[in-house]
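Each structure below appears as structure tokens.
The same subunit A turns up in both complexes below, where it pairs with subunit B and then with subunit C.
Take a look at the complex of A and B:
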């Protein structure tokens, strides 16, 4: 693929993009100067605290409102009896990406941790104590919160409206030709995003204009959603979201507390701040539901997959629909003559699940890669050789060619760096001191969606520029990578480009999710810059006083703040072109979206190799090495991309060995809803971890060739770790996370 | 949280006279106040009491109640003569917490039983007579030794496990004068009705902790802790062991288990059985059987009994190998030292 993007040929990608620049907001963040939503303290601020339900199903029968209101400092208390009305019920599904919310619309309790009252007070302490003094009483009903006892329901869709079931090829016929088959049964558990920054909102009304500070991954949609529920115009609302302390999907979707804070601010005429406690983030702001997956792989004599079946049982809430699409992870990765996937859903007394880093792909990949390892063993093949034998040349779910797929190169580079060739085929063959050592691998895959984004670029009289789009930087470095793309679109050095983002008066950049933000918002920014350059070229080539006069519309290239003739190399600076035209600025617009129906299958790919050490007596597992190689199209910023990939792989360590939200099945309440009890990895859990990126040109995925790196690191890694545990111990865990207890069940040392 | 009065005690006498909840490092009490489990009317800040010293006394050690966990763990005398205590301390909490948490507070910290921490659950420890919601619930962190139907909670401390093995004595001052209590029995075991009596009477203050001369055990002592996360996680099970070896035979032994009971579980029967035996895996295995004698699951946690037995063997074996000259990276981890990959 050429480095010149053909937007009339004037601008090229690569002067700024492709370089490992450090984060533009890095100094602000490490010095504490970055202002997160909860850091805002407008004058007259009231502190809001929600009281939350301690039952998972039933009705609130009594709240001691008098005791709470009598507490010093309390200003106002809202319950279903007096909460101001919304223009639209919070139980309305006004948009596929708007979840049904709890905004005190009734006394009904649908899950533990649900908000049941809101207290406003002059101090956080007073509001907290008043919420406690409410001492709710309930009419409790028996809750169902597990895969074993929740209620089955009929559904034809999984998350994001995708079909629940898929079938291609004739699975019966394919099985008839098979020589053998393997079955893998894998369970994954409930996980919670646990972004470092809690969900927070500061809401302030000035007349009929509303200002909101809140971390959000999709500012444009959030503004529309607030407007719809409040019955006002989006233009009346300004949302600021300059910094997000992590989101992972949980800040892509509004929750009821945000509506309540806005209502309370309007009702009291004072600014209101609501910050969730860590334990309050377990319920209303989404999570990854548990899954129970079964895979059957039928193999022919040569170890080729003849049929692949992947069935998932998972759960959603009693009142909304989000089913983790785990089986979809088997659609497009490995070649198979016949493919059949299903999802079945349960309704449970839990908060509605939502997208959490690699939704569907993460648990689905974990189970698929375990199944692939079992199948490799059955076929008598090395796990890598088996995956290569079943390399998909086209997408088996729809027959499409891939837009690009450098997976073979990922396998080769990661295996080489890891030293995979020395792996003994049999388990329990390697030791380090007294510890068992094992090696495992998994393939990584993640789709390349694009959403819709818009951007503006304005060239100023001095030749510098400002670009604008409401992108979300939740720590991934979007503002840095996007600024690099914008600078290339303008043909300017990045130091000459001011990047404005993070509030809703700017053009909508779409959602920071689905690993599609850089591709989508980046395309819009690039096009906006290119639009400016096109106008400049028109000015210059049409002006007899310009050295570019007569160069023709396509005979000019922009770089370094100048337009250059392609024929004789003469050039002119942007500011001179503007000055002669009598312009103090020149404005361009751009959009980013995928046009038409895709005719290619579009995915990022990767390969992950894991080494684990296992204590043979105590069953404790340590991931001692993790090596991944990823092909994700054009890498805009190698430093940030590597960080994203490493972060995904660390997430995989947590998924494989640690993360697990525990409910008491009798009450539906959590027993570990804090960071001491819900374990995510620490630095000491990831001693040696490396992520390579493999060169990949993709002329189809979008004009810039960008795929995405935010989520793919999770895929492949979980299975690789599980497979390494088998290679170390000879034991196949049927559940993630793998606990030490599960390895010593036999009563013998390993 | 509930409004409370705050006073600072400048002397031990003032702390005793002040009626209220004692606040030292605040790393546990303030958390409990935030979640509504503790609701004191008055906090008595004892963090400025002149009790932060760590002194060598006749081969042993005197650790002031206000000494910070981090300072104890890095004290030369602790590293040289009580290395299992250093390992235990460094395996606990996080660096930030260890910088704030005190020795006395560590001893007095509350169980991390999630039902104790949840005011909506019944808990005899929090509210005597209300029952125990933990039984029949999520019990992975719960006791397998010394529990009753009244309470199945565990004491979460790593430090106290090592202290119990080192024969530490807790020095207490109160309205009735001074008293001392052995670490291994300082924390009461639950009775049929609940958590048992409080370890301190109203007005009592821990002033210091005394460790006797470890004698020949100084360089044969280790602490081992099983957990899924390498830092900032409580033990599933843990063990402290120390041996006095003479010509390959055991002259004296110390063994205590953590994460298994409402107190650090000193295993005196096992220790006795080791005396005179060769320092071999077989000896340690027999001792470990004795250490978990009488253990029974308090829920879906039977695996902890087997893990406790095995970690006892591991701690004894490592103690027999000798304490490394330099404290290993990943303190108390089974992956400590060169095994960490």
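Take a look at the complex of A and C:
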């Protein structure tokens, strides 16, 4: 732990960062004292419940407003006829990360589950019943909700504004030289985030000041967005979001219900609480859209990929644009002489999809890893040997060198722990009792974006400090990991650092997403601390009374609340330096962002090995073992990073075997929009599972060397499980999730 | 019409004039008594976030009509710690990182306390995973949860041994 980051001044990284501390918010969370948005109960609170559309396309022609209003306890009811206006239409696209919303702007229904009225009542029970009494009638139109019948449209971009198509190398020429090729067709289905905490908001106005409690992954942007739609200044709004009960992307983007709650609170002059029911989280708050993917891999005689083509068909809503960028997963993982990727879009009568943990990468990786297994088979190579043969030394999409890439070590360590060397090449060779046993693998990869963040650090007269940034802790551990980085930036022990976070009056920490929050907000915090230290060093080295006087040339290191001379080791405590300078505090500022255009390809990598057991009579599939190894740059807190990685891998289990939102094709309604019908992994589905981290120093990705661990665990895992099912049964499912019936009904005998 | 309800919650006797017979025990705890540690994840008995102990048994409070539990003894997450000291299950959840966002955690912990008391799973991880499967965790902190239940089972057995 002796790393020194010279670019950041006289500060050591590694006294606090790198330690597997338990969560600083742990006691709050295990005693029920952590306050989530819906736990707030301001005086005079009204409970809000939305009525939601039970058709997917058409118009609301009648609501029994009289019956609902007559219900005891009902205070107010909003429909498109009387909803107070917004300053800007919720159909405006005011920012690329603001989706078009439904805030009762018309009687039009554009997807099932869309809010069509809002009821306010003195109790939740009364509001719930009154919403039911509205008994809507509709003029329904034929909905299109599947990849088979949705409307094609022209697009040049996928999610986050990335180009829809990419090509590098000469694919025609590369194919002409190839010895053989394989084609994989893989379908993935609609998935819903289903954070355990339903979306919630408590809104309260005091005069023209608005206080909002709502879980949000990007508080700064949320504040700007509320302000724009309400026609007020951001400074009039305070958003508190100290704890998110899971986000996974679904709480990064505002939805119409939040605007309605704020309008209702202003209109009634009372605080309003709106908590979505679980079934109402299917529609307005994003999801992962289904995909239909086709990959073609052309191989040369030696089993090297000569050409890689990856095409994705996916869909978005009828009124906004978010296309799952699945083909992008093939850009940078395996070496190929020629690369071609495309995305085609459809418009359907669904809520707008959005980023869901590893957006694009998760379904793209699933298909790519299945294709890689097919290709390994065609090349007559072990799946791991085949991937090693096609290891990319540079990013094939742009020729850039990787900032770091310890993928080979990941393969080696995970394979070793798993026991991969004993794998029979042929399928159906292993049994455990009556059950068929199979092993499969996949490579994991996830990009390392950085956003922008700002932070403050203030050293106090007693030598302790307070650091501030509006970070979001949705379970990844920001309260702990960011405080560790901040403490290192200040050269203090973490117990001496108070970390203020989770509300919008603090410097903007940017978005908790893209696995880039720790890197971005962490950099801002570190720099703010380093700024304080730089000022301290100036004070001390320029002061003849200090033991550090004149140490400027040989250097000074900040550690444990003291500045140390590098030449003779003499030191002085921060509080003494401040006292002599007559200062009762010293303030520093920092920002975090990537500087300039990247000249290297920046990714986290990993390898995942899966064992499945398949019941030959019932087709039941269980993951019995899962081993991953990941290289993700500097790990700030190994305990929390492991949890993130394991969580991602369990998401991979859900993706591979369970999760699927089903629509009734005739009405466009969901048939399983609850946690009994939409299966997410339970504890018994998460078997012996291990995630290793492989050491990686990355001097290029950012000054702290952090890459991010939040999403990569999903990638690799899905394909590994699919490939293990093939190895157990000899059957290749062309669709995720692989359900028992897909094996049983495949026509092949198990 | 107001109905009167007698409950013992976390050791304290409580007389409650219930304004609405439709209220679930969960909504009574959260919205009327301010005991918001117990969470609502689904309101349909499908997630376990609302798990409390009623007369020592784990129950989904969202499926319990408050009125039908007149006279019951209820323990919620707020009543588990022993003064300043965490309950061994709470301590184990922190040590083993048995949570991430923490939203399912009160339910997981109450469920774990009951599971250990039921003495069905013992130290068999497979049976613990099975016995904890009524409590969903979307963060998927399952490995840590299982570890925590194992550790807490051992700690509680040790306590019992010492007491005997």
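Definition applied: the second predicted complex is superposed on the first by the 739 of 750 C-alpha atoms of A that agree within 3 Å, B and C clash if a C-alpha of one lies under 4 Å from a C-alpha of the other, contacts with A are read in each partner's own complex, and residues count from 1 in each chain.
We take it that a contact is a pair of C-beta atoms (placed from the backbone, for glycine too) under 8 Å apart; a residue touches a chain by one contact, two chains touch by 3 or more.
Bear in mind the structure is a predicted one, so any value in this text is a computation, not a measurement.
**Q** Could you say whether A:248 touches subunit B, subunit C, both of them, or neither, answering first, second, both or neither?
**A** Second partner only.
**Q** More residues of subunit A are touched by which chain, subunit B or subunit C?
**A** Greater contact footprint in residues on subunit A: C.
**Q** State whether A:741 touches subunit B only (first), subunit C only (second), both chains, or neither.
**A** Touch partner of A:741: subunit B, not subunit C.
**Q** Applying the document's definition of touch, where does A:59 land relative to subunit B and subunit C: first, second, both, or neither?
**A** Touch status of A:59: no partner.
**Q** Contacts for A:275 in the overlay, against subunit B (first) and subunit C (second): which applies, first, second, both or neither?
**A** So A:275 only meets subunit C here.
**Q** Let me test your reading of the model: by the given contact rule, A:181 touches which partner, first (subunit B), second (subunit C), both or neither?
**A** The answer is neither, since A:181 touches no partner chain.
**Q** Using the superposition on chain A described above, determine whether A:624 touches subunit B (first), subunit C (second), both, or neither.
**A** The answer is first: A:624 touches subunit B but not subunit C.
**Q** Is A:125 in contact with subunit B, with subunit C, with both, or with neither (first, second, both, neither)?
**A** A:125 sits against subunit B and subunit C alike.
**Q** So, does A:682 touch the first partner subunit B, the second partner subunit C, both, or neither?
**A** both
**Q** Quick one: classify A:433 as touching subunit B (first), subunit C (second), both or neither.
**A** After superposing on A, A:433 lies in contact with subunit B but is clear of subunit C.
**Q** For subunit A, give the residues common to its interface with subunit B and its interface with subunit C.
**A** The overlap between the subunit B and subunit C interfaces on subunit A comprises residues 125, 129, 676, 681-685, 687.
**Q** Using the touch definition up top, name the residues of subunit A that touch subunit C in the complex.
**A** Residues in contact with subunit C: 22-23, 25-36, 38-39, 41, 47, 73, 123-126, 129, 193-198, 243-248, 275, 277-278, 473-477, 639-640, 642-644, 646-647, 649-651, 674-676, 680-687, 689.
**Q** If we count contacts the way the header does, which residues on subunit B are in touch with subunit A in the complex?
**A** 1-3, 34-36, 112, 114-115, 118, 120-121, 133, 136-138, 226-234, 236, 303-304, 306-307, 310-311, 313-314, 330, 333-335, 338-341
**Q** Could you list, by residue number, the parts of subunit C that touch subunit A in their complex?
**A** Contact set of subunit C toward subunit A: 19-20, 22-23, 27, 30-31, 34-44, 46-47, 49, 76-78, 80-81, 86, 90-91, 93-95, 97, 99-106, 109, 126, 128-130, 132-146.
**Q** Subunit B touches which residues of subunit A in the complex?
**A** Result: residues 54, 72, 125, 128-129, 132, 279, 432-435, 611, 613, 615, 617-622, 624-625, 657-658, 662-664, 666-667, 669, 671-672, 676-677, 679, 681-685, 687-688, 737, 739-741, 744-745, 747, 749 of subunit A touch subunit B.
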